[in-house]
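There are two complexes below, and they share subunit A, which is joined by subunit B in the first and by subunit C in the second.
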Partner chain A sequence: MTLADLYSIMPIIITAGAALVVLLCGPMLLSASLTAIGVTASAAAGVWAALSTPTSTPAVAGLAFTPLARFLIPLFCFAAAITLLLSHSYNERRGIKGEEFPATVLFALFATCVLPCATNMLILFLALESVSFAFYILVSMDLSRAESGEAGLKYLLLGAVAAAFTAFGFALLFTGSGTLQLSGALARPENRAIISAGWGVILVGMAFKLSLVPGHLWTPDVYQGAPAPVSAYLSTSSKVAAAALLLMLLGLSPPMPELRVPLAALSVLSMVLGNLAALRQQNIKRMLAYSSVAHMGYLALALLSGSRDGYAAVLLYGAVYTAMNLAAFGAISSLSVEEERELITDYAGLGFTAPLRGGVLALAMISLAGIPPAAGFIGKFFIFYSAIKGGAITLAIIGILSAAASAHFYLKVVAQLYMHRGEAPAPRPVSLAEGLALCLASLMILVIGVYPGPLLGAIEAALH
Partner chain B sequence: MTSLIPILTLLIFLPLCGSLLVFALRRSEAAARGVALAFGLAELALCLWPLALTGEKAAGAPAGYFLYQDAAWIERFGIRYTLGMDGISLVMTLLTAFITLIAVLSAWQVKERAGLFFSLLLALQAAVQGLFLSLDLFLFYLFWEAMLIPMLLLIGVWGSGRPVYSTIKFFLYTFVGSLLMLLAIIALYLMHGAQSGSYTFALPELVHTSIPYDLGLWLFAAFLLSFAIKFPLFPLHTWQPDAYCDAPAAGTLMLGSLLSKTAAYGLIRIAFPLFPEASRAFTPLIYVVAVLGIGYFAWIAFAQRDMKRMLAYSSVSHMGFVALGIAAWSPVAVSGALLQMVNHAVTTGALFVAVGMLEERADNRDLSGYGGTWGKIPVFSFFFLVFNMASAGVPGLNNFVSELIILVGTFRVAPLAAALAFLGTILTLVYTVRLVQEVVFGKEKKPLDLKDLSLREAGVLGVMALVVVALGVHPGPVLDLFRAPLEVLLKP
Partner chain C sequence: MSVPLSHVLIVASLMFAMGLGCVVAWRANVIMMLIGIEIMLNAVMLTFVGGSAHWGIADGQLFALMLMALTSAEVSLALAMVVYLHRRKQTVNTDNFDSMKG
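Entry: the complex of A and B
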């Protein structure tokens, strides 16, 4: 192991180190400084990753700083930093104390950073499960509320089932190929039946992680029960990580036409049922949960084309979705008082009484609905472009019609914010950290929406 | 010199900057209003400049365009920031600048969150100007969708009646149509790319795509659906009376005078040239809905007691002529349709503004509340009468000219449609006469304490009346502007 190897996995070392420092020094430091350490470490890891050149040779056994990692690690770091910025004042308001929160966020970040670097199925699985493990803790972090614990338990039970499926799938891939190396495991045509079976089981596991219908049942309860900053982090990083895992496996395997039908079914069901269910929600976090089911359906639509365009669309959508959901849940988190504002009607009039946060929430909704000039439009454009190019025209039409219907529930929030008068308690003034987090997320939405060129270039580089 | 100054970009970004500035100044109502007016005037002045440049030929521009701008934007998809101005775009940008200025002036009395109101008006103007100038289909689509958000808020926040219901209905209708159009755009782009090897959204290039007949029908249908909803054409109009009625006066003006024109413009500039065969196949259908629209909406307008609702139906009825002219797709008919777009925007717009002024005074839009205004507020009544006469198609005023040109142009290709549409104009006369009779003449039904027009209001209506008369007496210069671009668009 040379110094260069060490440099190339530096983001992983930084995040792991920061997590340990926060955990060990936590009792001696103020919680503000813990958050500051976490944000600094995330930013440093992200910048480091963005500035280094990727290699394909493993730095240590099973880990290589791949081009994909160069794209995804900064994204994960961005999400973690925003989450930490949001959670500080949220936790103060809600009485969530202790160093566990920032430390667990950093551990989750560490695991998400490892995931795209994995060159070996075992590391990949461990990384995936470490992400989930950190989230089991984060979801149930709000000890004073029963829903939080309930959500954590639900997530744990279903997550364990999903993990079992995924592990079984990896075992089948191993049986079929005789190696755990990712590059070798997938390209063995003679055992196609076993490999296909392995893929089938992995898809089941991933349907849970990505909350694709019918594996979506945990999503609304968990999003609703978890503290809002955790929902922000969960709905972005863990989804992008799961999508990245599918991309890594699909990218290395020969074309798998047998996956087209199951992926198409998952995609259609998620797009249609997700959007239909979201139409009926009164609770904003449940609405966003069903909306995320639908958005993951769009993602599956891009995946099933099996083309480079489709994979690029997945990565772009991952970045766009991260920005949108961080903004949406960020605004919800920041607008909460002693209790969170649960119902959509609780947001009545906030567009005028809390202009920054109301504006960010409205922007996030507009972007989720896919209306230009917000980033969601570019994301949807790329998804449907790759779907039509891949010949999935019927699916694209179903998808776009469900997207049109989805505008209704996103606009309901905008309507509450600006077109109704509310009696809900006024929010507290926005804290500096929250303001920064919300501005960063909205800036990302607008920049990707208006000038996506550089990001598309980075995605091209990531897929080499 | 003109090549150094990016006039087209300025036309889009000047209102956008104005919008941001007004938003920044929203705490001070007077300042926001003043700045909005200044930007409205500046935009109008800027639009007049290209009138002097129509003879020039811009470097690299497609045939017919005298101003042109092109820059790389999203290279991965070959999306470019391409703007161009020909005679049609010039007239449309002028119209946009004029109507927005009127909207700013007619919204002078908006009290609540006036800064935000003017900011949204200017943002909407920027999107509409961008739409009329874009030559890249992706850019066009972007502006097409970008219009939705300011309009959504204008209706929803400042509307009356059931504003939230109306605005969401408006939004969903247009959104469904435009998303299907997006799929069609992508399909067209991929097909053109596969044929020519250059993946581009440039409109002048996409025109050369050879499209299989059946597929062309589907793609054209997607475009037509999107434009027909915004137009609105029968039977996709059900969002329109609600949205027009519940919007604030300036919002109705923007919606009825400008947004419906963007749909007609889309048909003329994009849908018909891109799919010549498919548009032929759909022509009979468009004739039917156009003629049905003219007659049916005039009939319904007659049944309305709410003046704004009556005008909303009258507005779609007149838009039927535009659809008729486009469907005929001959130089005479299309130039008539384009002129009708301008005339409709001014006449119907003026009527909406006038009714808005009445409503401001008496807080009532119902016909039964008015009567005998001629004796009480003569200046207002005079203008109201003029605009109603224009709307009814009295010779010497603007609508007469364009409707006549459309009927003449259509009669050559589709005599039956032209004849039926002519019958529709009689119905127009019926409800217009009734509106004038009940409001301006007749006896006062309820004692109302009405004040006549202020200087600002008289100025607004006066300028519009001047345009109405000018276009009615001397439409030649405008028609001349359409000639060159139509030669390019209609060439076989």
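Entry: the complex of A and C
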């Protein structure tokens, strides 16, 4: 191993080191300085990854700083930094103490940074599971709410079943191809039955992780039970990581023909049922959970198209979705008083009493609904464009119709913010860290929405 | 190898299905669900070891060893959570963990 190898996996080393430093020095330092260490480390890792040149030769066994990693690591670091900024005052209000919280966020970031660098299935699987482990802990971190622990247990049990499915899929791929390299997942003439069975089982596991119908049942409970900053992080990084895993296994080639029907079924069911279930939700976090089911259905549609355009649309939507959900859950977290505002009606009139946070929440909702100039429009446009170009016209039409119907429940929140007067308790003044996080997330929504060129260029480079 | 690969795969698939059946049928009890998940993961390890023997390489055995470490981490986390929730609710019956609906 040379110095150049060390430099190329420096983002991983930075995040791992920062997690250990936070955990070890936690008792001696104030919680504000722990958050500062975490934010600095994530920003440093993200900037380092964005500025270094990718290679395809492994730096250490099983890890290479690939072009995909160069695109995804900054995205994961952005999400982690925003989560840490949001969680500081949220944790103070809710009485979540200790260094475990920032340390676990950094461990999750470490695992998400390892995932796109993996060059074999072992590292890929271990990284995916480490992400999930960190999230099991983060979800159940709020000891003062009964829902939090309950959500953690539900997530863990279903996540463990999903992990068993994914591992069985990897086992079948290995048995069929005789190699643990990622190329083992590609279709080949010998042992085709075993490999396609492996892909089918992996798809079941990934349907749980991506919360595609029918593996979505945990999503609303976990989003509702988890602390709001954790929901923000969970709904962005873990979903993007799972989508990245599928992209890496596919290796830029179209999915096997046997997989087209299951993928299409998962996509249609998620788009339709996710949006229909979100229509009747009164609780804002459950509404966002079902909306995330629908959004992952759009993502599956882009995967199905199997073209380079489709995979570029997956990465673009990953970035767009990260920005939108960080803004939405960030505003929810920052607007919480002693308790979180659970019902959509609790947000009545907050557009006037808390203009910044109300505005960010409204922007996030407009973007989730896919209304230009927000980023959600660009993301949805490229997904449906690639689907129609790939020949999945019926699916694209179903998707567009369900996306149009979804505008109803997103705009309901905007209407509550600006067209109703509520008696809800006034929010506390926004803290500096929260304001910074919300501004960064909404800036990302607007920049991608108005000027997507640089991001599209980065995605083009990531897929080479 | 004296045992054909297809036999290993059939046994492993049956074990996997039985583990899944245990998780689905004993949904009421967290401990039984954890046992079912354990059985599913053991089926995975069996597949890896069988595949390793078939191809004559050690990669699959390495994966199986890593899975053991991963499983123990998972179970310790799950049991910690079970103990914590048991203290709160005095039960390991999942039907009583129903504070969220919708």
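We take it that the second predicted complex is superposed on the first by the 457 of 464 C-alpha atoms of A that agree within 3 Å, B and C clash if a C-alpha of one lies under 4 Å from a C-alpha of the other, contacts with A are read in each partner's own complex, and residues count from 1 in each chain.
The rule is short, and it goes like this: a residue touches a chain if its C-beta (ideal position, glycine included) is under 8 Å from a C-beta of that chain, and two chains touch if they have at least 3 such contacts.
From a predicted model like this one, the values you see are computed outputs, not experimental measurements.
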{"item": "Touching partner for A:401 - first (subunit B), second (subunit C), both, neither", "value": "first"}
{"item": "Partner chain in contact with A:179 - subunit B first, subunit C second, else both or neither", "value": "second"}
{"item": "Touched partner set for A:426, first subunit B, second subunit C, both or neither", "value": "neither"}
{"item": "Touching partner for A:161 - first (subunit B), second (subunit C), both, neither", "value": "second"}
{"item": "Subunit B versus subunit C as contact partner of A:456, first or second or both or neither", "value": "first"}
{"item": "Subunit B versus subunit C as contact partner of A:126, first or second or both or neither", "value": "second"}
{"item": "Footprint overlap on subunit A, comparing subunit B with subunit C", "value": "none"}
{"item": "Touch list for subunit C against partner subunit A, complex", "value": "5, 9, 12, 16, 19-20, 23, 30, 33-34, 37, 40-41, 43-45, 47-48, 50-51, 54-55, 57, 59-60, 62-63, 66-67, 70, 73-74, 77-78, 81-82, 84-85, 88-89, 97, 99-100, 102"}
{"item": "Interfacial residue positions of subunit B with respect to subunit A in the complex", "value": "73-77, 113, 141-142, 145-146, 148-149, 152-153, 156-157, 163-164, 167-168, 171-172, 175-176, 179-180, 182-183, 186-187, 190"}
{"item": "Complex interface listing, subunit A residues touching subunit C", "value": "121-122, 125-126, 129, 133, 136-137, 140, 146-147, 149-154, 156-157, 160-161, 163-165, 167-168, 170-172, 174-175, 178-180, 194, 220-221, 224-225, 281-283, 286"}
{"item": "Subunit B partner contacts - residues on subunit A that touch it in the complex", "value": "352, 366, 369-373, 377, 381, 384-385, 388-389, 393, 396-397, 400-401, 403-404, 407-408, 411-412, 414-415, 418-420, 451-453, 456-457, 460"}
